[in-house]
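Next up: some structures, all given as structure tokens.
Look for chain A in each of the two complexes below; its partner is chain B in the first and chain C in the second.
Take a look at the complex of A and B:
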């Protein structure tokens, strides 16, 4: 399939730093993810208290998407931006915590607030709610980032007019190991899609 | 101009489902499942104590019967029950086709082998969905990297849309899609914590419904764009949509916006009038919010007079497998021109009228819609057309 789609913005969060369109915009070394995430949220002047209730996978996905979507989402308009995310560990970080809570029969109180995050696509739901994105969404699991698959899937959504733009990429979180690489694919412009 | 021709090129490629199979408590192939459904048999049974649950209803496949069916396929003993069920679902249909480097392997699940976390001797690595997918795809000799769709309870239906979209994009010629989920304490306790479990076998759309019954199953289908593989009994995948509600992470939209838009998207792609729809195989989890939301969406779309059922009263909610299993059964309905009564339904329990099928009846089915909705606000709708 011939395409002229291009990447209009990207954000990489790893090693306690935030890179926006290739430029390091924030860093906070030697702290756990939860502290880093909170600091990044403040640094980029985000204002969305629900952020603090999210699990770490959702926090990671939220931060990266917020930085890209901030300038792309037009309030009050129908923003047909698809969300297509993938990772390796699914929701296993939260799954392990949830399993720990039900394994202890003396303190057997599974929490619905934890259980709901035992699905990897919840992070997509959080972002959809945040920006009222009533649009195409899908979550995939691969051993490693599958650039070819993501490119084909995003191009397909644009070619069939199921989406005007596609925010896609990798959002991996397991314990303190994490990495987010999100990028926005659009159909205007004349640059070919970059394979990352 | 160019965008238009590209669209035409993508849409021009027809994708068909030509083969199906399923493993459920009602049988280990489509024929035995179909017979049981015609008789109104359900796989749902009452179980005693599990973890802190005193008793519960679930639709569970007998492990000894799985082992007996699996023995002729392989004598290796490192497979979990779910893995055996996935292999059993794929095995009979896989031999009918040639696996090439343009054949996709797509696996849909919500929790995979999650019960492996119960044993501290297992590594967390063992519960990875990609590891499970690789184990199954390697068993059958696939050369392409497995694609795992894990989008909550829409996974099974979305996997069909993903297969079709990737084939139309030219990435693959054909695809085997397999789906599976097992009943585990993990999932039972989770739905229980939400107070979403029914105290009796679930009753989709019924006045007395009050929650889900969980179930386990595997299902498999073969999708192809190769015209010579299409035979009578095949269905064409003519449109799809997978739109989020953007409303709440654990509850569906009251207006059914995401489902409404998913179905609209499927019809737009198919270029088909809604009047041509003969049957809807809906999600129907039997929670108050889900069933009500579906009724609202169907009414908004003007398809509320179309015959609709939920198969949850037979199989329970089999999570990531449900959409694929229910599509397999809906295809069988289409092949037989036979609608199956929605088990558990007696009196209308949703506020807007829908046409729940109350008794098995013969009806010519040329076109049907499969829908699903899940946590995270996700929805998926796929339209199918009979190939004469």
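Take a look at the complex of A and C:
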């Protein structure tokens, strides 16, 4: 059976700018990611203080998902939205930072707050906690964005009613090089699924 | 003691990334957890590391943290009595 689903919204964050459904909504040039992320958080009037404690990968995923989910998640309802993310560097950026805190045996102070982010799917947990999602989720590590795999995975979740909607895409962060492309797939929408 | 409390407030804000809170906004007797600053269990572990790293205090009994980390006041008192650096 042919499955036809749609992208109902998408957000791209790269080069210190935020694009929502193809329109640039925010930009802050010549600043490091942490500063850009903080400015974007304030620009979109987000209110979730735990954001500041997140690592950069989670901040990136949180910003992009928050922009899309803001209008999709209904408080008090069962929001059956699956989260399916992928990237190339896993949580390597934070892994390196954590390694730095345990490298010196004479000055050995592993940080619990850094350690909790040494898995890439923690960003999915942050989003789930934020929106009280108890839905399907997965985080894959690929060399490059695998559009066919993600499309098939999202279609499968919708076809088997494991999810009513699927927020999926690419969330990559490693040492100031970053890119988030998140999009919402659902059975109704106004755009065909993007293959590339 | 007053200087230590000010120093502690700055360190708590820094290590716990409490971006929207200024040193002046934390009162000596404000609760650090629960309804106060709203810290969580990971923050508690981070405070244990702070005691060790900056004041040479190794907290071997996690249960002791409940009374030590009640407020900046209780933290400062404990540090004053037990610091090794």
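Criterion: the second predicted complex is superposed on the first by the 191 of 196 C-alpha atoms of A that agree within 3 Å, B and C clash if a C-alpha of one lies under 4 Å from a C-alpha of the other, contacts with A are read in each partner's own complex, and residues count from 1 in each chain.
Here is the rule we use: a contact is a pair of C-beta atoms (placed from the backbone, for glycine too) under 8 Å apart; a residue touches a chain by one contact, two chains touch by 3 or more.
Just so we're clear, the structure is a prediction, and the values are computed from it rather than from any experiment.
Peer 1: When the two structures are laid over each other on chain A, which of chain B and chain C touches more residues of chain A?
Peer 2: Ranking chain B and chain C by residues of chain A touched puts B first.
Peer 1: Using the superposition on chain A described above, determine whether A:49 touches chain B (first), chain C (second), both, or neither.
Peer 2: second
Peer 1: Contacts for A:111 in the overlay, against chain B (first) and chain C (second): which applies, first, second, both or neither?
Peer 2: both
Peer 1: Does chain B (first) or chain C (second) touch A:65, or do both, or does neither?
Peer 2: neither
Peer 1: Between chain B and chain C, whom does A:140 touch in the aligned arrangement: first, second, both, or neither?
Peer 2: A:140 contacts chain B only, not chain C.
Peer 1: Report for A:38: first if it touches chain B alone, second if chain C alone, otherwise both or neither.
Peer 2: second
Peer 1: If you lay the two complexes on top of each other, which residues of chain A touch chain B in one and chain C in the other?
Peer 2: 110-112, 116
Peer 1: Tell me, which parts of chain B touch chain A in their complex?
Peer 2: The contact residues of chain B facing chain A are 2-3, 6-7, 9-11, 51-52, 110-112, 114, 117-118, 124, 127-130, 133-134, 145-152, 158, 162, 165-166, 168-171, 185-186, 189-190, 192-194, 241-250, 257-258, 261, 265, 269, 374-378.
Peer 1: Could you please specify the touching residues of chain A with respect to chain B in the complex?
Peer 2: Those residues of chain A that touch chain B are 1-4, 83, 88-90, 92, 95-96, 98-99, 102-103, 105, 108, 110-112, 115-116, 118-122, 124-126, 128-129, 131-143, 146, 148-149, 152-153, 155-157, 159-162, 174, 187.
Peer 1: Using the touch definition from the top, list the residues of chain C that touch chain A in their complex.
Peer 2: 15-20, 38, 42-43, 45-46, 49, 52-53
Peer 1: If we count contacts the way the header does, which residues on chain A are in touch with chain C in the complex?
Peer 2: For chain A paired with chain C, touching residues are 38, 49, 52-53, 109-113, 116.
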